[in-house]
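Below: a set of structures, written as structure tokens.
Below, chain A partners chain B and then partners chain C, in two separate complexes.
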Partner chain A sequence: MRVTVLITSFVLMIASGVIANTKGAIEPVVRNIVYIHVPASICSLVCFGGLFVFSIMYLIKKKPIFDYLGAASAEVAFVFATVLNITGMIFAKAEWGLWWTPSMRLITSAILWFLAAAYLILRSSFNEQGNKANLCAVFGIIAFVDVPFVYISARMMRDIHRPSFSFDSSWQSTALGLAILATIMLASTLIWMRADIEKLNEKLN
Partner chain B sequence: MSNSINIIKAIFVKDLINELRSKQTFASMVVLSIIIAWIFRLTSSVIESAMVSIAAAVIMVSVVFSSILCCERSFAVEHGDGCMDGLLSASADRGNIYIGKLLFNVTMLCIFDCVMVPVVCVCFNLTPAGNLLKLIVILLLVNIGVSAVGTLLGSIVMSIKSRSSVLSILIMALIMPMMIPAISGLLMVFSAGADSGMFSAGQSFSEIAGMMAAYDAIFVTVCWLVFGFTVG
Partner chain C sequence: MNYLIGAFAVSWAVYFIYLIYMGCKLNSLSKRLESKYPLEK
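Now for the complex of A and B:
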């Protein structure tokens, strides 16, 4: 099942790449980074949502699987937030001539990365199991509650970012849609696999 | 209801008496903030034009670092000698323990502000006299928000060996949404509403205070609800 989802996501990614390279190319060429940047941003938010849901589920049901899924969601959120920030910085340098500046969406994506990193640091800091799962679940919940505030407060800053994307053809929208779908499938599989590894680690310990 | 108030009052008074006897946390907070102000003043002597922005940053940095000291200490004293087990076995509601600790941390930060803000004003030659009420509102809202998050995180990191460093990372990551309107408000207070660079123009003080009050209300409620899970 996992292999099938993984292969399907790669096929969709290749299809998205082919369409983006042929009929869906955006001018100037640097703007084609949108096909990686936007899916990464949506995926990191979805993974944060996953962390929130699994944390609440763990606190209610106390089943270890929700703790493993929460931890896996945070790790995958961290990976996609890293991709989001790096692709954003590459685009910013090419488009605006600077790597980073205090601007609404740039701050929001940076804080997403900080929150995911803070969760992973907290998780790796416990010497013994004890109350670890409970404490990480509590942090997962308040980290997610923080996200809308990050976005609202960042609106107080001047925004250098493009307000929205306007595509010239439906091929471009199709390529982006496929890229988003493929990335979400990839993220789900990664969470699934990472949760299994976490479960095996617990068994070994 | 009156039982809850009694428990909150007992925890608050216990922590306050503890601190009045040792004065350990408050002394560290004040000395740290004076050192921060001093270092920033020395390094900012080359950029006199940015004095107001730097002073706002110094106030925020001082409050954040002092809150880390305060929140960590407020739970560290309970961790030793099984005090926390005593508190829990005294059939006190977990939420009341959180509110008692939160009130203590907010009080400590308010007293700390009374010392730190004049020091920063003297160092950076600022006169917020015309906007004193606005300054008090912003600092109070910052203290409540930082303490709400800090008190919960203080109990989360209690069982970690390197808790100081982990607590610093967790608090700073979570209070970013509070820092942005707070710095914007402080710039408004110190520069009497002048345009403040990177912040978008046309913000009113009520908008900034409203945003901070919403952050405080939501985080106090969420942290109060989940605190019980952190102390077992």
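Now for the complex of A and C:
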């Protein structure tokens, strides 16, 4: 099942790449980074949403599976936030001539990466399962506070980062839609694998 | 164009390295669990 989802996700990514390289190409060419940057940002926000939901579920039900899923969501959110920030910096250098600038969208996105890193550091610094799970769940809920700020920052204030992207043709939106779908499928498989690793680790200890 | 290639290369490298790391980790944990609690045939 997992392999099927992964293969489907890669096929969709390739299909998106083919469309983006032919009929869906954006001018100037560097703006095609949007096909990686936007799916990565959506996935990192969705993973933070997952962390928030699983943390609440753990605090209510106290079932270890929610703790495993929360930890998995945080780690996958970290991976996608890394891609989001790196591709964003590459785009900024190409488009604006600088790697980073203190704009609200860029600051809140960088905070997102640091929050995911802090969650992982916090998790690895505990040995006892009960305390670790409780504290991480509370941190996961607090960390989610940054997500709405990432979304509204460029919409509420004047920002160098545009709030949304408008497309010239339906091919471009199709390519982006496929890329988002493929990345979400990849993210769910990664969360699934990571939660299984947590479960197996717990069985072995 | 170089920036675009760089962005694609970095993102795909991150995804693949993480995926391979998870696959290897899952495999080694399954083997350890199997050797600790062997299945009766």
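Just so we're on the same page, the second predicted complex is superposed on the first by the 190 of 205 C-alpha atoms of A that agree within 3 Å, B and C clash if a C-alpha of one lies under 4 Å from a C-alpha of the other, contacts with A are read in each partner's own complex, and residues count from 1 in each chain.
Please note the rule applied: a residue touches a chain if its C-beta (ideal position, glycine included) is under 8 Å from a C-beta of that chain, and two chains touch if they have at least 3 such contacts.
Note that this is a predicted model, so its numbers are computed, not measured.
Between chain B and chain C, it is B that contacts the larger number of residues in chain A.
By the touch criterion defined above, A:N201 lies against chain C but remains apart from chain B after alignment on the C-alpha atoms of chain A. When the two structures are aligned on the shared chain, A:V145 is found in touch with chain B, with no touch to chain C.
Legend: residue contacts after superposition of the two complexes on their common chain; A:P102 is shown touching chain B, with no touch to chain C. In the superposed model, A:H37 lies in contact with chain C only, and not with chain B. Of the residues of chain A, not a single one touches chain B in one of the two structures and chain C in the other.
Within the complex, the chain A residues that touch chain B are 59, 101-103, 107, 111, 114-115, 117-118, 121-122, 125-128, 130-131, 134-135, 137-139, 141-143, 145-146, 149-150, 152-159. Here chain A touches chain C in the complex through residues 6, 29-30, 32-33, 36-37, 40, 79, 82-83, 86-87, 90-91, 93-94, 186, 190, 193-194, 196-197, 200-201, 203-204, going by the rule given at the top. If you check the complex, the residues on chain B that touch chain A are 149, 152-153, 156-157, 159-162, 166, 169-170, 172-174, 176-178, 180-181, 184, 198-200, 203, 208, 211, 214-215, 218-219, 222-223, 226, 229-230, 232. For chain C in complex with chain A, the touching residues are 1, 3-4, 6-8, 10-11, 14-15, 18-19, 22-23, 25-26, 29-30, 32-33, 36.
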